[in-house]
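Chains: A, B and C, in written order; residue numbering restarts at 1 for each.
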Amino acid sequence: MPTRAGAIGLAIVVLDLVVALFAPALAPHDPLDQDVTRRLLPPAWLAGGGRGHLLGTDQLGRDILSRIIHGSRVSLVIGFLSVGVSLPVGVALGLFAGYWSGRFDDVTMRIADVQLAFPFILLAITIAGVLGPSPRNVVLILAVGGWVVYARLARSQVLSLREKEFIEAARSLGGGTGRILLRHVLPNVVSPIIVVATFAVAQMILLESSLSFLGLGVQPPTPSWGAMLNDGRAYITVAWWLTTFPGVAIMLTVLGINFVGDWLRDLLDPRLQSV
Amino acid sequence: MRRYIVRRLAQALLVVFGVSLVVFFVIRLSGDPTFLLLSADATEADRARFAHEQGFDRPIHVQYAAFVGRALRGDLGRSLRYRQPVLPLVLERLPATLELALAALVVSLAVAIPAGVVSAVRRNTAYDNLTMLGALFGQSMPVFWLGIMMILIFSVRFELLPTSGRGGLAHLVLPALTLGLYSTARVTRLVRAGMLDVIGQDYIRTAWAKGLPDRRVIFKHALRNTLIPVVTIVGLEMGTLLGGAVITETIFAWPGLGRLAVTAIFQRDYPLVQAVVLVTAMVFAITNLLVDLLYGWLDPRIRYT
Amino acid sequence: MTTSRRAGSAPLALVVGALLSLLPAGAAQAREADLIISQKADVETFDPSQTNNTSTHNVNINIFDTLVRLSDDGRSFVGELAESWKLVDPTTWQFKLRRGVKFHDGEELNAAAVKFTFDSTMDPERKTRERPTYTAFKEVRVDDPYTVSFITHRPYAIALTQLQYLMIVPPGYVKQVGWDEFGRRPVGSGAFKFKEWERDVRVVLEANDAYWKGKPKLRTLAFRPIPEDAARIAAIQRGEVDIIDAVPYDRIKELQGIPAVRISQRQGEQIYIGLDTLRVEPFKKREVRQALNYAVNADALVKSLLLGYAVRLNGPFFPTTPGYDEKIPAYPYDPERARRMLAQAGYPAGFDVDFALSPAFQGIAKGAEVGEAVAGQLARVGGRVKIVVQDSAAIFSDYSAKKLQMYLFAWKSSPEAGRHLETLLHSKTRGYYYQNPEADRLIDAYFAALDPRKRREAGRELHAFLREDAPWIFLYQQMDLFGVRKNVTWEAKPDYLMRMRDVSVAN
């Protein structure tokens, strides 16, 4: 049933999950094991490449492959969980706002505006300052920052659908708000939401890198893809492997999620099936 | 409709007010500025005196009331670090910020809309797959990496463009491309998804059945309806582009609001942070209003009361 | 029929139109000055009393003059506006000013101007950032139009050190335009006159042909701030700028490989790890603190992380600080000994503590890496430190609130004075994390010793004492590196200031 792309995507996502789950068994080295005298060694297949370090070592002599493997845990959890929290909340609020209009719509959208107008970084600094930096709080920060997109998207779709005939028909047949939203509106909203959500996972992982840059993300020496990206920034011209490999890991993960997302959308969208 | 606009403008003001309130309280929660703003040799007594002179030791609601009072008279205070009135500081950065944001937006729309449409029309062909792969690259690429690569390739290696800074059109190219890439990728995907949705719908098939030529069907009906989620995202992107382009601004030494805000936040320069957030909030609220009005124009079925 | 096309193109046309109207007319591709310096940060204000930031000082030192300047070898002082000076009594420093010096607006620079500068810097109403720098001075007295006396509260050996940053401002001009305007459009007596300033974009200065030391060789001088390291380096590679600061150590080889560029260096900040000796149990014991010094392999840090661009320190003194004793060994790397000492002190199983670090703090190079490396080394002897990364403001705030247990700090201090000892380790000035009456006594004696020989003796005693008492984990003094194009005759100086008046650009 899944398309070829969907299958590839699924395979990648499953691989990610497996790696994350069995990280300690899979990683060839301890990701925290530093040796300053063996720093910035190139990947094994290049001249000067460190034996035993397939992807080279980082600025403190730690094995990059092991850090990527262990980093998958943190990055994936952060990516999926922050979307997993913000998406339902955002969509629900957006649906109700668009459907009911009036007061609720205005209030919700203005709160959204206030939050959007608020620099994300200030929000991040505050939450981290008050609650302390930790992966859990990173998820919180990203979730708080992310719900608005889903709300506005859902709302815009509802607004354009609200006047449609089949909605009116359902209403006249006595359907309750919840039922109408769930059965008639939601499926039409799903498509762009899924697209945005799949983007969001990637965005969250990259945003985590910005938070690391501010010192608000995962605290060193715990590895995460975002933090590794940020660490490697100073060495782009000197040791490209520090940013490239975490970047590739992120890109592959995003690719996988996107393919799965496309497949899901095709599966769930009733209209497309008849084309 | 006019009543709607008036109501929305009033709400915009409320939003700005709400933002000012939140910013005021929030930033005071996040740290003590006296240490950072005084000389490194400052003693305990110096700091206490400075705090008293700035009014930091008064209760917070008293401070806020004073702030509002002054703000209504157009005085948003003085920057603690630069010792200059903040409003001019913020306003002098606005042109640079708008320039970069609009350039990035133009670039992304100019590329994304046609790319997305063609991709949808030629679904599952090599073109489509390549475009989607490209979009994927674009949205998972770290901005700082892209920016630095741009400088290394186009400036240092091929000597085509200046490395950084704001100047003429040549200085705008690399930052706009860097900042716009993420939007481009995102919008391309959205346009493609939206087009695919619409193509499968009843009224499109009705139009086909009626025998109208292909191209007009596609562009007239599909694009219009695709644009609604696109316009939403663009509205939100403006917010990001305005206040969140810190990384691009830092790499290209672009004198924008994003950098000003972050520096001010790190230095706990309260008045400056407040001013930046307020100005950004206003621009953002107005952008959102325009977006909502644009909805109405794109889809005449949407009614506002 | 054409609605669909309009729907797409109208907003686009609007946007493009708006964009075009915003473009500044003409491309500013040509260089705006004979010499362009690119620092990481822009100037904050042109009012010298309102800033203590090195990047800002580097701009202002070309617009203003000071009374004295640190010599090129960093060990004595050379007169600038002051032709000569003498110590009239232990608390009075009398300066004879050069005659005929004029500010850029024609005003005369005399004792009254000096007094005005000092008084306005210390004025409690103005809340200047530089005020704490001069707290040792009680007042300034005008003896005659060209003689001025600085009176200190107590005998103060480093009076000149503090005065080297006092930039003299014109009373007439300031009273005329006000401090705000002065901070935007300054008038000084320096080698260059202010021409224009676009915040975060450029500062342009032009030569002051009436300068008392002679016409500068450069006609125009500009500063272009570029915060991102990679972009700044690219700019000097392309020849867009002539001097850059804060060159990362890892990119030195690369820069040295470019024929047109060379590296100039000078000693920079002291990097150390502060310990809370008052509240954190393990750190109350001297043996524990010493053990930590043995546990850290600072030589490896200097060699591998900093690529040799740092000087290992054997205590809180710089090698150039009077009293520095090079015979005292720096704590060698001896983890075995560290473990033994910890066990003897009652911590056989180690201890847990929070380690605050701020990667961008005050120009520290590779702060995050040094912090992580040290944490790793300490963990090997049982010191389980939990790294807490904070931004500068947060760490400062916690520092003054005495919340930090262990922290990585960078401190800049004029190399020949040791002022940081007074600021950081004396219980009266800070006393947050270390209070030792013996240290206080020695520090007071050190700063009261006006005779250079007595000063060195007092310094040696102080240095030995602090090394033993180990209030910090002593690390190193890092080097500041500059990239300079080969046709520019500038070299980095030990006083952290970039004076450009004698610099020329060959063609």
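Simple rule for what comes next: a contact is a pair of C-beta atoms (placed from the backbone, for glycine too) under 8 Å apart; a residue touches a chain by one contact, two chains touch by 3 or more.
The model shown is predicted, which means the values in this text are computed figures rather than measured ones.
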| item | value |
| --- | --- |
| Contact-richer chain pair (by C-beta pairs counted) among B-C and A-C | B-C |
| Longest centre-to-centre distance from subunit A, chain (CA-based) | C |
| Subunit A-subunit B separation of Cα centroids, rounded to whole Å | 20 |
| Centre-to-centre distance between subunit C and subunit B (centres being mean Cα positions), rounded to whole Å | 35 |
| Euclidean distance of C-alpha centroids - subunit A vs subunit C, Å | 41 |
| Contacts with 2+ other chains: residues of subunit B | 30-31, 148, 152 |
| Residues within subunit C bordering two or more other chains | 230, 391, 394 |
| Where subunit A touches two or more other chains at once, by residue number | 125, 129, 236-237 |
| Residues on subunit A engaged by subunit C in the complex (per definition of touch) | 32, 34, 36-37, 39-40, 59-60, 125, 129, 133, 214-216, 219-221, 231, 234-239 |
| Contact set on subunit C toward subunit A in their complex | 229-230, 248, 250-251, 254, 297, 300-301, 304-305, 358-359, 366, 368-369, 371-373, 375-376, 386-391, 394 |
| Residues of subunit C defined as touching subunit B within the complex | 3-5, 7-8, 11-12, 15-16, 18-19, 22-24, 26-29, 44-45, 47, 50, 52, 124, 127, 129-133, 135, 179-180, 183-184, 198-202, 224-228, 230-231, 234-235, 237-238, 240, 391-394, 396-397, 399-401, 411-412, 419, 423, 429-430 |
| For the subunit B and subunit C complex, residues of the former touching the latter | 30-44, 46-47, 49-50, 53-54, 81-85, 89, 92-93, 95, 98-99, 102-103, 105-106, 109-110, 113, 147-148, 151-152, 155-156, 159, 162-172, 216, 219-220, 223-224, 227, 250-253, 255, 259-260, 266-268, 294, 297-298 |
| Residues of subunit B defined as touching subunit A within the complex | 11-12, 14-16, 18-19, 22-23, 26-27, 29-31, 136-137, 139-142, 144-145, 148-149, 152, 186, 189-190, 193-194, 196-197, 199-201, 225, 228-229, 232-233, 235-236, 239, 243-244, 246-247, 261-262, 265, 273, 276-277, 280-281, 284-285, 288, 295, 299, 301-303, 305 |
